[in-house]
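The same subunit A turns up in both complexes below, where it pairs with subunit B and then with subunit C.
The block that comes next holds the complex of A and B.
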C-alpha cells in the first residue's frame, strides 16, 4: 500500500503553538518566585489566597498552558488526522491568556467579586474552544484510537473542572451551591488532577515516549484498561463526594488510580526495554523520571494524608500532596518534553523548506544542553530539598529548595527563548 | 553501501544513494539510507522518471514532511533532468532489521 506524499502526518502551524510555550515559561518563573517568597504557607491551611494563587499559576498558567500548546501540536499525531481549526486554538489562547492572570490576581488579593468572576468566565470560554477543537479534530477520523480517546476525555474533564471552578467563584458572592466553596474544592481539584492532567499525560506519554525511544512496544488493550480504570475511579470519587460517603470509601478510587499509574509505568518500562535507540538523551531521562514521580502524590495520600495525619501536622500533607503534583511529576514531564517538542516545532518552522542534506543543525542543536543540565540538576535538587523541608518542617530547606526551583525555572525560560530565537544557519 | 534498497538499475541507484546518505532523520541524527527508510528506487530510462518508495520510522512521525521533502530535493539534485516521484508506504512497516550495521552501531547497539 503506497500512500504518496499526501499520506504524511500533517503538522500544526507553529504560530498556533508557540504562544502557549512562551506564556507557560513566564508562569513557571512566577509560580516558583511566589513559592520562594511565601514558603511559610507550608504551615497554613491550603485554602488561603496565596496558596490558591500559586496553585492556579502552576495548574493553569504553567501546566495547562504548555499542555494545551503541546496538545495542539500533537493532536495530528494522537488522532491521526489534523487540527480542526487554528482559529479556535488562537481563541483558546487569548481567552486563557487574559483569564489566568485576572484569576491569579483575584486570588492573591482575594477579590472574590467581578474580577474573579470575569476571569472564571474567560477561562471557561477558552477551555470550551479547546474542547470543540479536540472533538472536531478527532471526529474527522473514521476509527478513533485509544490515544484520541484519552485526549477527548481529558478535555471533557478539563471543561468539568473549570465549570465547577466557575460555580465555586460565583458561590463566593451569590451562594448558589448548598455548601460553601471549600466543601467542593477537593472535587474541583481532583477532576483537574486526575481527569485532565493524568489522562492527558498518560494518553500523550504512551504515544510519545515509545516514539522518541524508537520503541516498537505497543499495547492498546492495556491502554484501554488504564483509560477505563481512571475514568471509573473519577466517577467513583464524584459519587463518594456527591453522596457524602465515609472517608474510607476514598481508598477505592485511590486504589484504582494506583493500579492505573502502575500499569502506565509498566507500559513505559517495557517500551524502554525494547527501544531501538540505546543512547537515551537527557530529555527522555527527565521524562522517564516524571513517570515514576506520579507515584509520589499517591504515596503521600496513602501513607501520610489518610493514615498518619495528626491535627498539628494536618496542614502540611495537602501542601506536600499538591507540591508533588504541580512541582513534581507535571513539572518534570514538562521540563523533559518541552525540549523534545519545542526544538522540533522551531526546526520545522526554520528549516522545513530549506533542509540541505544534513548541512543544517538538528533539533537538539537548537537549545543549550549545558543550560538543560543546570535546569535538570537544580530542579531535582530543589524538589528533594523542598520535600524534606515540608516533611521535617525545616524553614531553611524550604527557602533553599524553592530558590533552586526558581533557578531551574529561569534556566528553563532562558533555554526556551534560546530555542525560539534560533535563526537559520548551515554547518 | 546499503544492500536493502531494491532497484532496477544498480549503478544509478548507487549514485542516488550517495546523495541520500546526506539526508538525515533530524530527531535520530542518522541518515535515511542507514536507517533503512528507502525501500526502492526504480529508474525509467525512456521517460527519465525516478520512482522512490520509502517509509518513516512511525506513521505519525511529525518530521515526515521534512524528511520526504529532503529526499525529493536530494534526488532532484542528483538527477536534475529527471522527474522524481517519492511515494510513502507503511507496508511493510519500518523495523529494526532494516537498519544497517553502521546505523545499529550509531544507535548504541
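The block that comes next holds the complex of A and C.
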C-alpha cells in the first residue's frame, strides 16, 4: 500500500461541459418545432431547405453538441487521465455555437452565399479544436483502450464530414467539385452518420451501458471487431462512391454495418443479462430502447433495396431513413444518457470538495422522475405516430407525432434546467 | 547495470528497486535501518521514506548515503528544486500549544505490536486521526521516528512533536495548533472545518457509534468499474448493525444512487485533492 496513489483521472471542469448541454436542449426544441411547422416536407425531395435545416439542427445543434459536451467529461474517465485543454474545449463550443445557427439560417432561407460559407468555416474550426483535444487527451494514456479508439476515430470521421460539408457549401458558389453538391450529399451524410455518430455511440455506449447496469460484462475483442467492421464498411462505401460502382455493391457496407450493429446489440443484451442491478431505471430503459432502434434505419434501407417503389413514393424513404436516425436512436440515447451524466456533473459541481459530512442528495434526486416519464412517453408515442404518418402518408399523424416530439423536447429542457439549478442542500 | 541519479528526495524504494544490494549498504549505515530487512516494514517504509527522511531516522547524514551507495552505481545529483531537507520537529521542549492541552485529552495508540505481527497501522492511525476532535492529541507510540507519517499528517494540518522515552519507546504527538500560521496556508481545510463543525461532529459520532462494527475496504487501486462492484459486494455481506468504511480515490458519485436504492445511508469525508473516506451504513 502506498500513499502516493492518487486518482490520475481528473474530473473535467463543469464550466466546460454544461454549456454544451444547455445549447443542445434548445436545439432539440427548435428542431422539433421546425419539424412540427414543416411536416409537409415528408412528401418532397430530401434536398430541400427545410429538411436540410432540420437535419443540421438535429445532427449538429442537438446530437453533436451534447456528444461533445459529454465526451469532454467522459474521455478522462475512459482513458483514466485528464482533458488535455479546457481552452480548446471552450473554443470548440464558441465556434460551433456561432457557426451552427448561421448554417441553419442559411439553409432555411437557402442563402448559399457568404453566410453559409462563414458558418461552414466556423464549424470546421470548432470541430478541429475538438479533434486536437481528443487526440491529445487520449494519447497520453493507454494506447490500447478500445473505447478511446472509437472516440478518436469518430472525431476523425466528424472532421472529414464537416470538411466535405465545407466543400459542398463552396461548391454551391464556385463549382470546385466535378459534380453538383447533391451528388456528394450521401457521402457527407454517411460519414457523419456511420463514422461520427455510430462509432461514437457504440464506443461510449459499450462502456456506459454495462457500467450503469452495474454489469461486469466486457468483451474488448468483440468491440475491436465491431470497430474494424464499421471502419472498413465506411471505407468500402467511400470506394463505391468515388469509383461510381453500381448500386448492388452497396450491399457490402450495408451488410457490414448490419453485422456491427447486431454485435453491439448482442454486447448490450449480454451485459443486461449479467447485471447486478435488478430493477433497471427509466434512463437505462430508454438507452436500451435506443440500442434496438439502430436497426430501424438499416431495415428501411433494406426495404428500399428490395422493393423499390415508384418515383413519387420514393421521396418518403430517405426522409423515413433520416428520421429514424436523428429523431430515433440518436435522440433516444441522448434522452437516456443525459439524465445519467448531467446529474453526475451537477452533483460534482455542487457537492464535490464542499463540506458534506451530513446527508447529501444522490444524483438521481437532482432531476424530476415524473418529468422524465412524461418526456419518455411523449417521445416514444411521437416517434411511432410520426413513422406511421410517413409510411401511410397521413398528414394528421405527422402533426400529432411531431407535436408529441415537441412536447417531449420541452419536458427534456425543463428537466435539464431543474438539474442545472440544483442548489446544495442537506436532507 | 546503468547508473541512477539520486538526491535527498529519492525514495528508499527506488534505490532498492534499482539495485537490491543497496539494502545491505543502507543497513550498514545505522542499526535503525535493520528494520528494512523485515519485508513488511520495508514495504511500508521504503515507499514513503526519502533519503533525507531516512537520515533523520538513522541519525546520519544524506551524504553518508550518497557515499555508501556510490560503489553500486548511484550518482548524487543536486536537485535545485530541493528545499531544505525534511524537517521533523526536533525540539526536546514540549511546545506551548501542546502543554495547554489537558492530559485526559491524549489518545494513546501503541502500534509496536501491530508492526511486529506484520500489520500496517496506517489505516488505524488515519481512523484515529479522523475521529480526533480539535482539542485532542493523538500520541502514536513506536520504536522509531515515523517521519513519513509526520509528513502525511502535516499535510492534513497536524503539528507533530516527538518525545524519545527510550530506545524502544518513541512517542509522537499529533495535534492541531490553532495559533499557528497553518490556517492561512491552507484555507481549503479551514474553510471546510469552520463551515461545518456540526457535520464533522456527525461524522465523528457515527464513526464512534460503529467503533467495533466497522469493516474497512480500500478500493483505491482498482480500475473502473471495480470499485463500485467491490463496494456493492461488500455491502451484501455486511453483517447487521455494521458499517462499511471505504477508502476511495474519488467520490463515487454513481454509487450514491445505488446506495440509496438499497436503503443504505452514507457520509463522505474528502481529504483535499487526495483521498476520500466513505461511511456506509443502514439506518
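We adopt the following convention: the second predicted complex is superposed on the first by the 410 of 427 C-alpha atoms of A that agree within 3 Å, B and C clash if a C-alpha of one lies under 4 Å from a C-alpha of the other, contacts with A are read in each partner's own complex, and residues count from 1 in each chain.
In this text, a contact is a pair of C-beta atoms (placed from the backbone, for glycine too) under 8 Å apart; a residue touches a chain by one contact, two chains touch by 3 or more.
This one's a predicted model, so the numbers in the text were calculated from it and none came from an experiment.
> With the two structures laid over each other on chain A, which partner does A:396 touch: subunit B (first), subunit C (second), both, or neither?
neither
> Looking at A:277 after the superposition, I want to know if it touches subunit B, subunit C, both of them or none. Which is it: first, second, both, neither?
Both subunit B and subunit C are touched by A:277.
> Look at A:216 in the shared chain and tell me whether it touches subunit B only, subunit C only, both, or neither; answer first, second, both or neither.
A:216: touches subunit B and subunit C.
> A:362 contacts which: subunit B (first), subunit C (second), both, neither?
both
> For A:352, decide between first (touching subunit B), second (touching subunit C), both and neither.
both
> Counting contacts the way the document defines them, which residues of subunit A are shared by the two interfaces, the one with subunit B and the one with subunit C?
Common interface on subunit A, subunit B vs subunit C: 1-5, 7, 9, 11, 77, 80, 211-212, 214, 216, 276-277, 279, 344, 347-348, 351-353, 355, 357-359, 362-364.
> Spell out the part of subunit A that touches subunit C in their complex, as residue ranges.
Within the complex, subunit A touches subunit C at residues 1-7, 9, 11, 77, 80, 210-212, 214, 216, 276-277, 279, 344, 347-348, 351-360, 362-365, 426.
> In the complex of these two chains, what residues of subunit B are touching subunit A?
The touching residues are 19, 22-24, 26-29, 31, 53, 57-66, 68-70, 72-74, 77, 86-91, 95-96, 99, 107-109.
> Under the touch definition given earlier, write down the residues of subunit A that touch subunit B in their complex.
Residues in contact with subunit B: 1-5, 7-11, 73, 76-77, 80, 207, 211-212, 214, 216, 276-279, 344, 347-348, 351-353, 355, 357-359, 362-364.
> Can you list the residues on subunit C that touch subunit A in the complex?
44, 47-48, 120, 122, 148, 152, 188, 192-193, 195-196, 198-203, 218, 220-221, 223-225, 228-229, 232, 249-251, 253-254, 256-261, 265-270, 272-275
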